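Each of the next two complexes has chain A plus one more chain, namely chain B in the first and chain C in the second.
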Partner chain A sequence: MWVGTPVIFTGLSLGSFYALIALGFSLILGIARAFNLAHGEMILLSGYLAFVLWHYFQVPFVFILLICSLVLVWVTIPLNYLLRRLPEPYGLNTLIVTLGLALLLQNLFLAWFSADYRLMTPAWPMVNVPWLNFSFPLHQGVLIVLALLVTGAVHLLLQGTFLGKALRATIQDREAAQMAGINVQRLSLAAFGLGGLLIGLAGPLFAQNMYLYPAAGVEATMIAIVVTIFAGLGRIRNILLGGWLLGLTQSATIFALGSRWRELVSAVLLLLLLYFRPQGFSLKKEG
Partner chain B sequence: MAASAAQVCLELRQNKKFFGDRTILRGISFCLEVGEILGLIGPNGAGKTTLFNIISGWQKPAAGSVIFLGQETNTWPPERLSRAGLARTFQSPQIFPEMCALENVLMGAWLRQEHPPLPEAQEEAAYCLSLVGLMDKGQTPVRELPLPQQRLVELARALATRPRLLLLDEIAAGFSQAALNRLAAGLLKLRDQGLTLLLTDHLFTLLEAVTDRVLALDHGEIIAQGPPADLIRHPEVISAYLGTRYCSNANNGGA
Partner chain C sequence: MKPNISLAGVWLRKIACLLALFILGTTLPLAAAEKIRLGEIDPLSGHLAKPGQEIHQGILYAVEEANARGGVAGRPVELISRDDQSKPEVAVNQAQDLIFRQKVTGLVGGYVDSLVGPISQQAARNRVPYVASASLQQSIAGNKNPYFFRVSRLEGVVEPLCRFLTQTLKTRRVAILHAATPGSSEFSDSVQAHLRQAGSEVVLEDKFRPGSPDFSVFLLKLPPARVEALISGGFYADNLILVRQLRERPLGLKAFIAPWGVAYQSFIDEVGPASEGLFGACAWDPGITRPGTEKASQAFVAGFRKKFRKEPNTTTMHGYTSARALLAAIEQVLQGAGQLTGEAVSRALAHLDLQLPMERLAFDAHGDPRYYQQVIVQIQKQRLVVVYPPERARGRVDFSLAAR
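Then we have the complex of A and B:
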């Protein structure tokens, strides 16, 4: 087996997971202009719920995904109504309120689940690829397929439907969208609803790919920010590319330098992006 | 023009606006009749854009009321006003930068209240784009168009929402004389089709060419109003806005 195969496969799988983490964040930021710093903690909430369902009730994984998605919608939609009442400057105020929410959730996790590390470890079979002389756990493959399906579905929604056109228009220019008669408040609600579904979906995946502990959400938020900046707002395909870039870079770093350098990779990538391409990779520089 | 209630398109009653302890508008009242083209002039900071924002729902008046087609619209958000038939353009065009010109206009034609079928909306978008003379730029991403053409795309999108009242905020900035003439002819044609227009511009030549009446605003107050030809000679307007050089040029037969 070529030594790069597992590095690339793990990187793609990790990157797919990152794209799923970033998708909800990007939609809520792009459409509702809410900078949700509690994004990671909401994924953790979904992750802890998944852990409880798996550990105490032995619920099958597919149902866990479904339940978590539906429950998280009922967390993000009230958040939409809470944030809607904020005065201008709206973006900055959402940042402050969601930072408070993140701290609140972290402390609730600490009270409910203690600071212990938890991991969902369902028994996934190994898949063998004879012609590459390579085998991998099925859940890594599931991540890649799931990311392709979900980003594909969101991409089609934005490109092909009436709602999608309105959402895309709102991402590009909220004022212009209002002048075209688009009810941006209703679209914000749709964004938080869809964002909730995606956050709910990311939770159980987080619980089986990264350790659950009260402060783990910070890294998820960081990943969401890096991937969103890389992609540019509303660029769904680029979110997948951004996730893969981050995943592959981390995977290669772990292979070359060791796993303690992993978290530094996203921070360094964020700094490099902000310095060289603050407008995202897909957009041309203004002017 | 004898005004009856049915003919009034827009009415402002004692509109006031403050920012902190600064008074931006001091009780503005006027009436705009259906099919009328009203101009608004004033030096920078006179309150023109604030007034536009209040009429189009982007800001709420501190006091007074805005009545559009017989309904008080003070608290309506911009999208509700847009669906009710009030369209506007902005000093710096509010467009969808990643979309091509035709798609931008399609947003207005397709997303409006009655939500027509897509092919019908596409046809209408193409028609509106041809009205502003940009049919050959239909597939160009609007961020690549020069600013005056971006303004025209915004105008086409506003027209695609099928407005009853159209507010144009300095639409002609950066236009050549030929483009200005085309714009003026187009606006007059739109008026003949029943559109009511309220426009502000630093170029008095456009206002002279199209408006029936002009309001001169200074320090948040209407200091004079009347046909554009009369307003040029109004002493308060000259000192507040036009300047003596414009006036002597106008008297000599040129602007």
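Then we have the complex of A and C:
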């Protein structure tokens, strides 16, 4: 087996995980202009729900993904109504309100689930690829497939439907979209609904690939912010590419230089990107 | 003239009330002054909340136990607990608050050296004794701080671990993966020095930031380096991920050994059958206690279960031991009719010699515990079995599990 195969595969899997964590955040920020600092805590909420379903009711993982996605829609939609009432400066106010919400959720998790670490460990088989002489745990493959499917679906929604066109118009210029007759409030609701669906999906994956504890949301929010910066605001397809770039960089760094360089190399890459391409690494030039 | 008499009565009542208020006002502070105020700083929230809360429960139990016995030298003890949120800057603020505003007699608690270190500096600066519950970094105790004491020490972890690796497992090629924290980095350096002395070789060494989501790329490097045993200097949560990823790709290791985070029943429950055969280290457990202290250990377990409706573990016991040390030193000062000053309590701590379930507790000149020694355990049939040192072993190493 070529030694690079598992490194690349792990990098892609890790990057897919990062992308799935960031999708909901990027969508809500792009369309609703809401800087959701409680993003990680919402992922945790979904993760804890997944843990309860898996641990106490032995619900199959596929159904856990479905249930969590639907439940989180009903969490993010009220959040939309709450944030809608905020005065200008809207972005700054959403930041403050969601920070408060994050602290509230952290303390609720501490009260409900204690400070203990929780880990979902469903038994995933190993998959063998004989022609590459390479085997990998199925859950890593699931991450890559799921990231491709979800990003593809969101991309198709944005590119191929009227709703998608309206959403894109709102991302590009909210005021112009409003003047063109687009109901941006309703689109904001749609963004929060869709974002909730994606956050709900990320929760069980977070519980399975990381571990749950009341303050873990900060880590998830940081991942989402970094990947969104990598991709550029509202560029859904680039979220996956950004996640992959980050995951591959980290895997290659660990392999070539060691784990101790992982954060430093990622930070240097982020700084370089911010300096040379502040709009994200979109392949297309801005119009 | 009747109204005059009632006016006098009103005045008398007013004077009586004022007198009562005056008496209350003067006696209440006296009653409060009689209380012994202990300050506790632990990470009760944030990424170290789990061990922080476990230490807190141990300390709380020790204080309530002392109060149930009639207090310390007849004086009730008040525990003022503070949360450092797993952040060093908050730990400093809380230490200052406890020292200056609450005027505590002593400080107790603390988990990991990045939090214990700043608290110990505040304690030294303001001459307040501080007994840390979980600290290993040698420089913290070694900088001639007469107010700092702790109930654990690095050598008590490293020595049995290295002897077990070289004498029982007879491993020659070892890899170390540790957290990028001061105590864990020092642990790695010390293990390397000990193993080199014993003729073993550390062929791979790396560190990571706690909270890393993936170790699989690091694990890929183990087979080419022909590593026989992997030592993890990560914490409980890091080991959860590391063990899962280790089990996904069997690497033919003779042993996986982690001094922190594996020797816990909660770890076994969380990881399940994948925990079988792993090695850990611990100073105490409900089923692992020092010979001669079984009765005290059982009493602690029973009382703790009754109060908290859960099992205590080694982290809880570290909290309990540190609080017991501080309370014993205060008691010595009060029984000797001395004044309860920071200097007096520190002097008493320096001369302490206690028999506790976790250790015989006496401090050396640096404030380190002289007799702190962990045992090596292996998870067998979902239980912790002591396998080293031989005089405390309750079972034999199951090599078939270790090599799985």
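Assume the second predicted complex is superposed on the first by the 258 of 287 C-alpha atoms of A that agree within 3 Å, B and C clash if a C-alpha of one lies under 4 Å from a C-alpha of the other, contacts with A are read in each partner's own complex, and residues count from 1 in each chain.
In this text, contacts are C-beta pairs under 8 Å (C-beta built on N, C-alpha and C of every residue); 3 or more make two chains touch, one makes a residue touch a chain.
Being a predicted model, the structure only gives us computed values, none of them experimental.
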{"item": "Chain B versus chain C as contact partner of A:172, first or second or both or neither", "value": "first"}
{"item": "Contacts of A:180 with chain B and chain C, given as first, second, both or neither", "value": "first"}
{"item": "Partner chain(s) touched by A:258 [first = chain B, second = chain C, both, neither]", "value": "second"}
{"item": "Chain A residues touched by each partner, larger count belonging to chain B or chain C", "value": "C"}
{"item": "First, second, both or neither for A:3, with chain B first and chain C second", "value": "second"}
{"item": "First (chain B), second (chain C), both or neither touched by A:153", "value": "neither"}
{"item": "Which superposed partner A:209 touches (first chain B, second chain C, both, neither)", "value": "second"}
{"item": "Residues of chain C that touch chain A when the two form their complex", "value": "44-47, 49-50, 52-53, 86, 177, 180, 206-209, 211-218, 220-221, 236-237, 240-241, 244, 248-249, 266, 270-272, 274"}
{"item": "Of chain A, residues touching chain B in the complex", "value": "162, 165-166, 168-169, 172-173, 175-185, 234, 284, 286"}
{"item": "Chain C partner contacts - residues on chain A that touch it in the complex", "value": "3, 6-7, 10, 14, 17, 106-107, 110, 114-119, 121, 126, 135, 137, 209-211, 213-216, 219, 250-251, 254-255, 258-260, 262-263"}
{"item": "Touching residues (chain side chain B, partner chain A) in the complex", "value": "58, 77-79, 82-83, 87-88, 90, 94-99, 107-108, 110-113, 115, 143, 154, 157-158, 161"}
